[in-house]
Amino acid sequence: MKKEGEKKMGMKSDVQLIKDGKRIDGRNFDELRPLKIEAGVLHRADGSCYLEWGGNKVIAAVYGPRECFPRHEQDPLKARLTYRYNMAPFSVEDRKRPGPDRRSIEISKVSRQALERVVFLEYFPRTSIDVFVEILQADAGTRIAGITAASVALADAGIPMRGLVAGCAAGKVDDTVVLDLGKEEDNYGQADMPVAMLAGTDEVVLMQMDGDFSKEEFDQAFELIRKGIKQVYEEQKRALKEKYEKGIEGDINDQ
Amino acid sequence: MKKEGEKKMGMKSDVQLIKDGKRIDGRNFDELRPLKIEAGVLHRADGSCYLEWGGNKVIAAVYGPRECFPRHEQDPLKARLTYRYNMAPFSVEDRKRPGPDRRSIEISKVSRQALERVVFLEYFPRTSIDVFVEILQADAGTRIAGITAASVALADAGIPMRGLVAGCAAGKVDDTVVLDLGKEEDNYGQADMPVAMLAGTDEVVLMQMDGDFSKEEFDQAFELIRKGIKQVYEEQKRALKEKYEKGIEGDINDQ
Amino acid sequence: MKKEGEKKMGMKSDVQLIKDGKRIDGRNFDELRPLKIEAGVLHRADGSCYLEWGGNKVIAAVYGPRECFPRHEQDPLKARLTYRYNMAPFSVEDRKRPGPDRRSIEISKVSRQALERVVFLEYFPRTSIDVFVEILQADAGTRIAGITAASVALADAGIPMRGLVAGCAAGKVDDTVVLDLGKEEDNYGQADMPVAMLAGTDEVVLMQMDGDFSKEEFDQAFELIRKGIKQVYEEQKRALKEKYEKGIEGDINDQ
Amino acid sequence: MTNEDIIWEIKKNPIKALVESGKRVDGRAFDEHREIEIIRDFSKKAEGSCLVKLGNTQVLAGVKLSIGIPYPDTPAEGALSVGAELVPIAAPIFYSGPPNENAIELARVVDRGIRESKMIEMDKLVIEEGEKVWMVSVDLHVLDYDGNLFDASNIAAVNALLNTFVPKYEDDKIIREKQMDLPVREKPLSFTFVKIGAKNLLDPSLVEEKIKDAEMTITLTEDNHLCAMQKGGTYPYYKEDLDEMIDTAIRVSKNLRKKVFE
Amino acid sequence: MTNEDIIWEIKKNPIKALVESGKRVDGRAFDEHREIEIIRDFSKKAEGSCLVKLGNTQVLAGVKLSIGIPYPDTPAEGALSVGAELVPIAAPIFYSGPPNENAIELARVVDRGIRESKMIEMDKLVIEEGEKVWMVSVDLHVLDYDGNLFDASNIAAVNALLNTFVPKYEDDKIIREKQMDLPVREKPLSFTFVKIGAKNLLDPSLVEEKIKDAEMTITLTEDNHLCAMQKGGTYPYYKEDLDEMIDTAIRVSKNLRKKVFE
Amino acid sequence: MTNEDIIWEIKKNPIKALVESGKRVDGRAFDEHREIEIIRDFSKKAEGSCLVKLGNTQVLAGVKLSIGIPYPDTPAEGALSVGAELVPIAAPIFYSGPPNENAIELARVVDRGIRESKMIEMDKLVIEEGEKVWMVSVDLHVLDYDGNLFDASNIAAVNALLNTFVPKYEDDKIIREKQMDLPVREKPLSFTFVKIGAKNLLDPSLVEEKIKDAEMTITLTEDNHLCAMQKGGTYPYYKEDLDEMIDTAIRVSKNLRKKVFE
């Protein structure tokens, strides 16, 4: 479990996560970790995105719309969307064996479902649109970092979408609801709820939760997330704008 | 080996398996363990059967005739028959890892072969008839319990057959040939011979043996099995009759 | 690593590999280990070869040109060539788990590439030519023994080729460049360079090297190999000639 | 499978219309479960087991205990693992092979409910700190699939754990006789809804799952706190959906607990 | 493969007619083996090995010994495992990949003969009771497949074990020099028949296997007791078939033992 | 993929003609590398890491240290393993799945350079002789594939090892703080050439790799000895080719070492 990058909320510990109204890393309760997004960082991929969020380093790439293999998975009415969340072996404390584990298969599934109605798949029947997310350095919140980067990579690839998907988590530490858990808060906290929304709308497209929330805490957490996602969305837009201002370079000669 | 549910006949032991002309569980030499069969126990399957035999609990399901995947396994002259014997992880003393092991692959093969000339496969060219046997609680004799249940499930699915296949084993404990070994007899006995026949005929369709039998002991064992199979067949017929007397209910609205 | 049959050149050791101008097994620096080749040793295969080289025992078989599975690997312009190098579990000191490991996958790749331009693949479009090499007893130099045998098996199968591929290695022990390392020289030596050439030409079709060679030592080693390959080629030709003098027997009735 | 997909496509619109008008195909209210049958201690070879029938859906959960080394960061705790097999007897669309993403998600959602509610007193499963602890393996065997595997599996797994015994351990050997009951302190209970159009339906049947827009599983502790949530499906939820589902789950939980755990 | 199937279908009827008239394609009597050649100690890296040629069929068996932990229920015994690879050099229908059901059945039937006859004195393979025992691994490498792999493999495996040495074990290390011969007390010998029409033919060639209705392998101990049986194929056997085959096996066993084990 | 193959086929002849005339598509000399950028210590969770950009090719190498048992024949040495994943973000032709022959070859050639040059002082990685040693795992994560993965990976791996720290090991636990630098004594550097027609081109770009006839990787130690070679491709090399490539590698190595290791 632990080796799969599993977290276990609510481990007993003497770690004091909140002190003098500040969190262990000095943040306010409603404050995101530093977030930096860059679009178009890879040469071969049709679209790509590099994202740093707290201690997370994530790269997302999109290939497609392209021919769909194996053939029997072709859909005559729409494109197939695939999503692969993958951790580099050296992205975590104890080396992770390469290849998909149960945790990454689950994350890939919920992330794919979050994007399936957002991308206009019906524009590209019989093709495949393939999203790959590589976690190069993992802190807490990699699935949210991944889908946030994936969404920018899809835009960078010119895939038409109803909007950008942006994610953020909130959790509970020392009985306090806070935004965007850091690694220690994740290890020793009481609850975590990763959410992704179609940015600019009220649509929740990804939602998981574990730990312990009363209904009131859930409501608080949701409200924090809503605000957090607004900031994430601004950074996504900034990254895409920067990319397009730089202009599209050199892609014509690539095969 | 042991972990595959392997038995090893003839382990040295101080266990006295026969005392005062009775076996360790009080049975006579030619007596079956209690057997109970019920047909039509599952909603989705085309045919099904639940069977309890001594400490065995087995469920069999049949799907088909249905489309045959992968396509290149289609036979233009007859249906493909598949058979999958599978043990639930908690069906044995030490948890069994899920998925096929060498033992279950061998059992699936000999069981499939036992059914291949019994089912009128030529009536359903290009289709597949798929038999699945799940061992939910394993005592001795699961392969025989499985094929006995599978045969009822095939009948319950309305698949035309030359007859029912019924199985029974005989073995040797404390130098005595006895019918239908129980778990302790299997662990500490000297021989075991599982056999399945086309019930009501003299046709042996499945036969394996291990341990130590002289030719005379083999003959005795075979004779015991022949009588045992008659009783098993009666219970199979009773179960099917009961199912059809109850009438066919509600299947029309199922997809 | 070691379990994959990996060698590690240059292990510190007190083993003296050269004494009085002779090698540990009594050979001269430019002397091959005993080599014996026999063609046509298998009944079912289209072509086959058995080879003993020092302590190596190798059997190679060729099937094809035959139908190419899976279909999507068919090439409309030429035959597909496959090459499978495989070690029997009991061919090495510590039992090797059956199935391909990383080492054998790499060897299979470089061996296949060595043969791809030598076989006239374009004569047999859409088919497959499959080469299988089984190492039954492994000393040093199995990959070279394998491709040397494979080449004879291809000829025995009547597959048209630009020539025979013959291999030989040279290495460095006790700071001396020598031909065709034996097992102890391989274990405790300083460098090893396996090479295969299109026999009778200057064309190098397989080349690997590890350990430590100055450019001068490399040149010496290459020169030794060139001479060694000439001898290997003579034995290949002798084996094929012997086979054809015996005549083609009995193959007509085989399916 | 294409044929099956076409059938669902055809059934979709009339059923959606029915739901829109406030009704379900089988006549249930939106917050009503199908009939539930609980058969405890089904498999005698398991340390604990339970067969649950939820309508026509049948899931058998079995618990085995074995000895293992604790995780380095929890040297004074036992370990839990949950696995699920969608064995091919349960539905025509289940094929043999390693667990696919659906089986993995099922196992992990059930696992999270048990783990995050702190159901099992893991610190009481230590034989020798840092060296030897009990490993609790829950295996979900899906026998008949007629919708809502999440809740049927949750109920089966929790009930199986409630009747699990810890075997004796003597001279480095497990003796499969009861040493004590598995120490538990909580009973997590999950509630799965599908969204069809604007409606959220509790305990979906197969047909409702097949035409669903979205799906949500909410797991509650005995004091009605949330301990696990999982969104499925591709359509979005709004905050009002979430509030409605959580409120419904809290409202019906008391009665359901009585039905399934007593 | 379809092409191959068609060829067998065409060959089937004339061969069946021949068999019906009491003859075999290669002129043998029904209870007659093909030529057997036994090459012991073929692979020097193995602790024991044997190459068997049975007609054109060739099987190489190799034995390796390693150190392992005994099974908990047999703390005072060594362990045996038998594996088979139908490597693709042996026939056009063998492909690379994990062992399929045929390879697994072959290994398990050979294993049962060795295990159930109690050939190996397992209690003499203990280094430290409950802790360290010798594990005997027999690997069957099928080189050329022209029918009757069961018997060729049985003979190869048993002969390999008969010339196997147990290495020295010093300072927790295996030294591959002879400490003693592998302790054996029995020589199981298998007899495989195919049924074609009403006839049972011993030691089937490839063509006979291809058109067979049913198949039976009978393994006998030195005192002609049965220690393993395995039915194959899809047609039934009658009691008379079983009697005939067992009698034949017992009748020819003495001569065959001389040929293959001496 | 067929479409892609056709594109390469069409591009092939004009590029070959260009090369024949002494020129490369991107204007480089035959012995000239593309631009190289080295970003050390990229992944903070790794004990050592390095991202290398070689033209548009990007490879990230990460090093993790763990505790293991030494190989029986080297009880007083640590262990090294190198793995490579051609993750599908890097090229349209890379698919998810276990490492294929190209990924395996890449890892093994990089491994040989490190191992055979004796880069790492393995005898300094022993915690308890024969019992506990450090295992050094180098993982190559290919992010963008525009040709010459061998050299980009070699440079990334060697640089990652050069900035790797050995963690503390206290009370049977790894504490991920620096105990010492990984002890290294050598810096192997590889040089990959493709042969197009009669020319050998250093540091091939993707397009040059796609139309190559043959390929050679030569790894040199700091004193310009050969420590590893690997031929690829299906066309032959002549001795003159080998001499030319080795000479070129030796000639440019000093400058390249400065660029990538300082």
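Order of writing sets the chain letters: A, B, C, D, E and F. Residues in each chain are counted from 1.
The working rule: a contact is a pair of C-beta atoms (placed from the backbone, for glycine too) under 8 Å apart; a residue touches a chain by one contact, two chains touch by 3 or more.
Here the structure is a predicted model, which means the values were calculated and not measured.
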Exercise. Give the fewest steps needed to get from chain A to chain E, where each step moves from one chain to a chain it touches.
Key: 3
Quiz item: Which chains lie in contact with each of chain D and chain E?
Solution: B
Self-check item: Centroid comparison with chain E (C-alpha atoms), farthest chain
Solution: A
Quiz item: What is the distance, in whole Å, between the centres of chain A and chain B, each centre taken as the mean of its C-alpha atoms?
Solution: 50
Exercise. Using mean C-alpha positions as chain centres, tell me how far chain D is from chain F in Å, no decimals.
Key: 48
Quiz item: In whole angstrom, what separates the CA-based centres of chain A and chain D?
Solution: 27
Quiz item: What are the residues of chain B that contact at least two other chains?
Solution: none
Self-check item: Residues within chain D bordering two or more other chains
Solution: 72, 99
Quiz item: Which of line, ring, star, complete and other names the graph you get from chains that touch?
Solution: ring
Quiz item: What is the sequence of chains around the ring when one begins at chain C and proceeds first to chain E?
Solution: C, E, B, D, A, F
Exercise. Under the touch definition given earlier, write down the residues of chain E that touch chain C in their complex.
Key: 3-4, 7-8, 42-46, 49, 56, 58, 60, 62-64, 66, 83, 85, 87-92, 96, 98-99, 137, 139, 141, 143-146, 176, 207
Self-check item: In the complex, chain F residues that touch chain C
Solution: 71-74, 79-81, 99, 101, 104-105, 107-108, 112, 115-116, 118, 216, 221, 224-239, 242, 246, 250
Quiz item: For the complex, which residues does chain B have touching chain D?
Solution: 42-45, 48, 55, 57, 59-61, 63, 66-67, 84, 86, 88-95, 98-100, 130, 132, 134, 136-138, 255
Practice problem: Quick one: which bits of chain B touch chain E in the complex? Just the residue numbers, please. | Solution: 1-2, 8-11, 102-103, 105-106, 108-110, 113-114, 116-117, 193, 197-198, 201-215, 218, 222
